[in-house]
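Each of the two complexes below includes subunit A, the first together with subunit B, the second together with subunit C.
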Partner chain A sequence: MVEVLVDTAVRGSIIALLAVGLTLIQGTLRFANVAHVEFATLGGYSAVALTGAGLGLLLSSALGVALVAVLAVVLYRLLFRRLLRSGPMIALIGSLALAIVIRATLQLLYGSRPRYLPTPLERGIDFHGALITPSQIRLVCISLGLLALLALVLKFTSLGRAVRAVAANPELADVSGLNRGRVVDIVWMLSAGLAAVSGILLSIDSAVGIELGFNLLLPVFAAAIVGGLGSIAGAVIAAYALACAESLVLQIDWGAIVGGTHHLEVGYRPAVGFALLVVMLAFRPQGLMGRAVRRG
Partner chain B sequence: MSIELRGVTAGYVQDVPVVRNIDMHVPTKAIATVIGPNGSGKSTLLRSVVGQTPQTTGSIVVDGAEVRGVSAHRRVIEHRVAFVPQVANVFGPLTVMENLEVGGARVPRKQQRRRISELLDTYPDLAAKRRIRAESLSGGQRQLLALARALMTSPTTLLLDEPSAGLSPAMMDSMFDAVRNTRDLHDVTVLLVEQNAVQSLEISDFGVVLVAGELAMHGPARDILSDPTVGRLYLGAA
Partner chain C sequence: MHRRRIKARALGLAVPLVLALSLSACGSDDSGKKKADLPSANTSLEGEFKIGAVLPLTGTNATIGKDQQRGIELAVAKINEGDGVMGKKLVVDIEDSQGTADAAIQAAKKLVSVAQVPAVIGEYSSGNSIPMQQYLESQSVVGVNPGSSSIELRTTGSLQFSTIGLDDVAGAFTADALWDKGYESIAILAPNNSYGTGIVSSVSDAFKELGGTVTTSGVYTEGQSDYRQELNRLKDSKPDAYVITTYGKDGTVINKEIYELGMTDQPVFDIYLSQDVPDADPKSVEGRIGMDVNSTSENGQAYADFYEKTYGEKFISSFNGYAYDATMMLAQAINKANAADPEAIAAALTEISKTYEGVTGPIVLDPDGQRSEQPYVIAEVKNGEIVPQ
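== the complex of A and B ==
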C-alpha cells in the first residue's frame, strides 16, 4: 500500500504539473494544446544541452525552464494566435503537427537513445517498505510547492484575478481595461514553464528521451478533462487520483479473477486513463470541478 | 467628455456593414438613448464606440480624441470609455469584490481601494454581497455590479447596452434611477441602447432612432418622445 502512495505522489506530481498548464491554456484560449507535453521534453533536453555546455544542474534547469517559457510565447504569437483565428479545432490540429515537428527535430539533434543528466547515483530510502529516492522526494516537494504557489498567485494577486477574468469572459476582460494579449502571454509562459519543470524533474529521476512528453499525453489530457477543463484544482485532484488508480491496477493481484497469481504489466497503465476518461465523459462530461455548459 | 460620430460605418464581416454612415453628437454629461427595432444595429453602434466591432469608415471622437484604430482595452484606460454589455456583463466565477478589482486593475492601488469603497457605499446591495460569486447574484444585483465594475476606472463616457433587460418593473425603475444618478454623481456622458424606449428617453437629454443600420432621427429626447411616427412605431403609442 505504501508503494502505491509513493508511486501516486511521484507520478501524480508530474501529471499535475502538466495538466495544470494544459487546463490554464484551455481556460484562457478554449483550445486543447496537444503540443503542451512536448514542452516537458524540451525542458529535459534544454537541461541536457546546458549541462553538456558545462553549466551546473541547477542553473541549467532554471535556464532551461526560462528558454522553454520564452519559446512557448514565441510559438503562441507566431503560430497559435494565427491558427486560433480559424477556430480552436484548427489550432488543435496545428498543435498536433507542432508536437510531431518538435519530436522529429529532437530526434534529429539527439538521436533516439535516452540522455541522462549528470546526477549522482542515489541510494533508495526505505519508507515503510517502499523505496523512494532523494530525487523523487525533491520531485514531489518541488511540484507541490509550485502548485501551491500557482494557486496562491491565481487566488490572491492582481495577475491571478486577471487570468481568471480572461478565462471567465475574454470580451468583458477587454472592456474592463485588461490587456488580454499580455495576460495570455503570461499564461503561456507559466504553463510551458511548469511543463519544463516536470520534464526536468522526470529527467533527473530517470532519463530524457524523445517520447518523454508523448508518453504523458494521455494521462495529462485525462487528468485535465476528468478534473474539468479550465479547473486548476480539478486538474490537480484528477492527476493524483489517476496516478493512484494506475498504481492500484498494477499492484492488484488479478489472480482471484483469472486464476493463479497475475499482475498486469506496466504497459497496461494507459488503459486506466482511457477508462477514467470514458467513464467521466459518459456520466459527467464537465469533469469533477468543471461547470456544465449553459447557452444564453 | 462628449461623443462624436462622423460617417461611421461598422460591421462584423468585411463589406457587410451593420450600421452605415452614422453622424451623431452627444454633448458632455448628457444622456442619449438609442432606440430602434430589433436588428437595427443599436448594439453594434455601441460596440463600435468601445472598439469591439470593426469600424470600416468614419471617425469616432471621444473627449476630442480620435479613437479609430485604438484597441478596446486602451479606449477604456486611455480614453476613459466604459462599456456594460447586455449579457455576460460580470465575471461569474469571481466574487463581487474581485469583479470590482478587475474593473480597476489598471488603477493605482490606493485609488482602487478608495473607488471600491465609494461604489460599495453607493450600492449597499453589493456591499452586503461582496464575498459572493457574481454568478450567484440576482439579475438586478448583476446589473448594478456590471455598472459598478464599469465605473471603477472613473470613466468620462459610459456605454450601456440594454441595462434594464430581464429586470422586474421595480428593478427597472431602480436601474434607470441608477443611470441618472451615475451621470449626476460621476459626471459622465452616457450613451445607452434600450428596448424599454419610453422610460429610457424620459431620463435622457437626447434620443437617436436607428432603422436598418441607418440614422432615422436624432434630437432632444422630448422631441423624439412626442414624435407621432416614432411613438407609433417604437414607443407603443396607439
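== the complex of A and C ==
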C-alpha cells in the first residue's frame, strides 16, 4: 500500500506540473497545446547541454528552465499567435507539427540514446516497506512547493488577477485596459517553465530521452481534461488521482476475478488514464472543477 | 515605426533561441566522429559489385542499426583493401528500414528492383526480418540476417540465412548456465517484441526442463523513462536470481533502477551483457554476471581492435560483428560462386560455412540456413570492464 503512495506522489507530481501548464494555456488562449509536453523534454536536454558545458547541476537546471521559458514565448510570438488567428484547431495541428519537429531536432542533436544528468547513484531508502530515493523525495518536495507558489501567485498578486481576468473573459480584460499580450507572454513562460522543471526532475530521477515528454502526453491531457480544462486546482487533483489509479490498477491482484494470481502488464498503464478520461467525459464532461456552462 | 519595433523585439527573442540551439549543439557528443580513416581500396579493382542491406538507421533501434552499419563498413573496407569481389570493388547499398516491417519491405523492394542486387543483409528486429526474408525468397534473392533471433526465421526459405544463433540456441545456453550456478528459481525481464518474448519462452522452457522454477516473467515497453513497476514485480516474486535482457537505451535506466531498488544484493544475470553494460553507471553493474557472444577468439580480438581504432570507442553493441561476418561470408561466397546468381551464392554460402571462422566464432549453417552453434561466454563485470569467467 505504501508503494502505491510513493508511486502516486512521484508520478502525480510530474503529471501535475505539466497538466497545470497545459490547463493555463487552454484557459487563456482556448487551445490545447500538444507540444506542451515537449517543453519537459527540452528542459531535460537543456540541463544536459549546460551540465555538459561544465556548469553545476543547480545552475544548469535554473538556466535550462529560463531558456525553455524564453523559447516558449518566442514560439508563441512567431508561431502560435499567427496560427491562433486562424482558429484553435489550426493552432492545435500546428502544435502537433511543432512537437514532431522538436523531437526530430533533439534526436538529430543527441541521438536516440537516453542522456544522464551528472547525479550520484543512490540506494533507495526504505520507507515503511517501499523504497524511495533521495532524488524522488526532492522531486516531490520541489513539485509541491512550486504548485503551492503558483496557487499563491494566481490568487493574491495583481499578475494572478490579470491572468484570471484574461482567462475569464479576454474581451472584457482588453477593454478594462489590461495588457493582454503581456499577460499571455507570462502565462507561456510560467507554463513552459513548470514543464521544464518537471522534465529536469524526471531526468535527474531516471534519464532524459527523446520520448520523455511524448510518453507523458496521454496522462497529462487526461489530468487536464478530467480536472476541468482551465482549472488549476482541478488539474492538480486529477493528476494525483490519475497517478494513484494507475498505481492501484497495476498493484491489485486480479486473480480474485480471473483465478490464480494475475497482475496487469505494466505496458497497460497509459490505458488507465484513457479509461478515466472516457468515464469522465461520459458522466461529467466539464471535468472535476470545470464550469458547467461554456462561456462565449 | 510600430512595425520596426516588433521586428526589433522579435530579434531580441531570436538571439536567445540561437544561443540555446548552439549551446545544445556544444553538449552533443562526438561519438559519431571517426578517429582513424578506414584503409583505402585496392587501386587495381575495376568496376563495382553491389549487394544490399536494410538496417534500422532511424527509429527505436537506430543505435543498433548504426552499429550494424559500422560492421558492414569495416567488412567492405577489409574486402576492398584486398581482392574485392570477382575483381570488382564491393559496394553495399544500405537502405533504412525505419525500424518498421513496412518500410523494411519497401527498402528491400527498391534494392531488388532498382539496384538488382543478388543478396540483401538485414534487419535487426525479428518482426521486420521475417517478412523481409519472405519477400526476398519470393524474388529469389539471398537474404542474410545478422541480428534477429526468432526461431520463425527457420521457415523463411532456402535462400535465407542467419549469421547469428537463434533464440533456441541462446536460450538453452542461458538456462544451462543459470542451473550450473546453482539457482533454482529465476525471474525474467525482457523487451516487449519478438526478440524479448522469444527469449523469455526459450529460457523459461529450457530452465523448467532442467527442474528449475520461473517465479515471474515480464516484458517491458521500450523507450520508457521509468521501469520501477516492472522491476518491483520481479523483486516481489523473490527468485534466487534475476535474469534480464535489455537494449542499451532502456538498459541504462533499468540498471540504474535495479541498483536503486537494492536488487543488486541478489545475483542479476544479463543475457547479452554487452548490450547493457557500456552505457550503464559503472556502480550499478559492478559484479554483474551474464552471457554474451564470445569475442576472445584471435579473429575476434583483431576485429575488436580494428573497430576501436576506426571509431575511437569500444563496441556499442554486440551486433556489429554479425553484420561484419554476414558481409565477409557473402563476399567469399560470391567469389566462390563466381557469379551474381542467387542460387549459386546460396549454395556457396552453405559450402564455405563448414569451415568458416568469423569474428563471432565459427559459423556452421544447418540445413535451414541457420547458424547451428555459436560460442557464448559467461562473463562478469569487474571494475567496469566485462571479464570472461
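Structural remarks
The definition used in the following text is that the second predicted complex is superposed on the first by the 293 of 296 C-alpha atoms of A that agree within 3 Å, B and C clash if a C-alpha of one lies under 4 Å from a C-alpha of the other, contacts with A are read in each partner's own complex, and residues count from 1 in each chain.
Convention: a contact is a pair of C-beta atoms (placed from the backbone, for glycine too) under 8 Å apart; a residue touches a chain by one contact, two chains touch by 3 or more.
These numbers were taken from a predicted model, which means no experiment stands behind them.
In the superposed model, A:A32 lies in contact with neither subunit B nor subunit C.
Once the two complexes are laid over each other on the shared chain, residue contacts for A:G52 go to subunit C alone; subunit B is not touched. Judged by the touch definition given at the top, the superposed model places A:E265 against subunit C, while subunit B stays out of reach. Of the two partner chains, subunit C is the only one touched by A:V70; subunit B is not. Counting the residues of subunit A that each partner touches, subunit B and subunit C differ, and the larger count belongs to C. By the touch criterion defined above, A:S112 lies against subunit C but remains apart from subunit B after alignment on the C-alpha atoms of chain A.
By the touch criterion stated above, A:N169 is placed in contact with subunit B alone, subunit C being left untouched. In the superposed model, A:L277 lies in contact with neither subunit B nor subunit C. When the two complexes are overlaid on their common chain A, residue A:S158 makes contact with subunit B while staying clear of subunit C. Here subunit A touches subunit C in the complex through residues 3, 7, 11, 45-46, 48-53, 67, 70-71, 73-74, 77-78, 109-114, 116, 121-124, 131, 133, 202, 205-209, 211-212, 215, 247, 250, 263, 265-267, 269, going by the rule given at the top. Touching subunit A in their complex are the following residues of subunit B: 50, 52, 71-73, 76-77, 82-83, 85, 87-94, 98, 101-103, 105-106, 149-150, 152-153. For subunit C in complex with subunit A, the touching residues are 10, 13-14, 16-17, 20, 23-29, 31-32, 59-60, 62-63, 192, 218-221, 223-230, 232-233, 248-249, 252-253, 256-257, 259-262, 279, 281, 283-284. In the complex of the two chains, the subunit A residues touching subunit B come out as 158, 161-162, 164-165, 168-169, 171-180, 291, 296.
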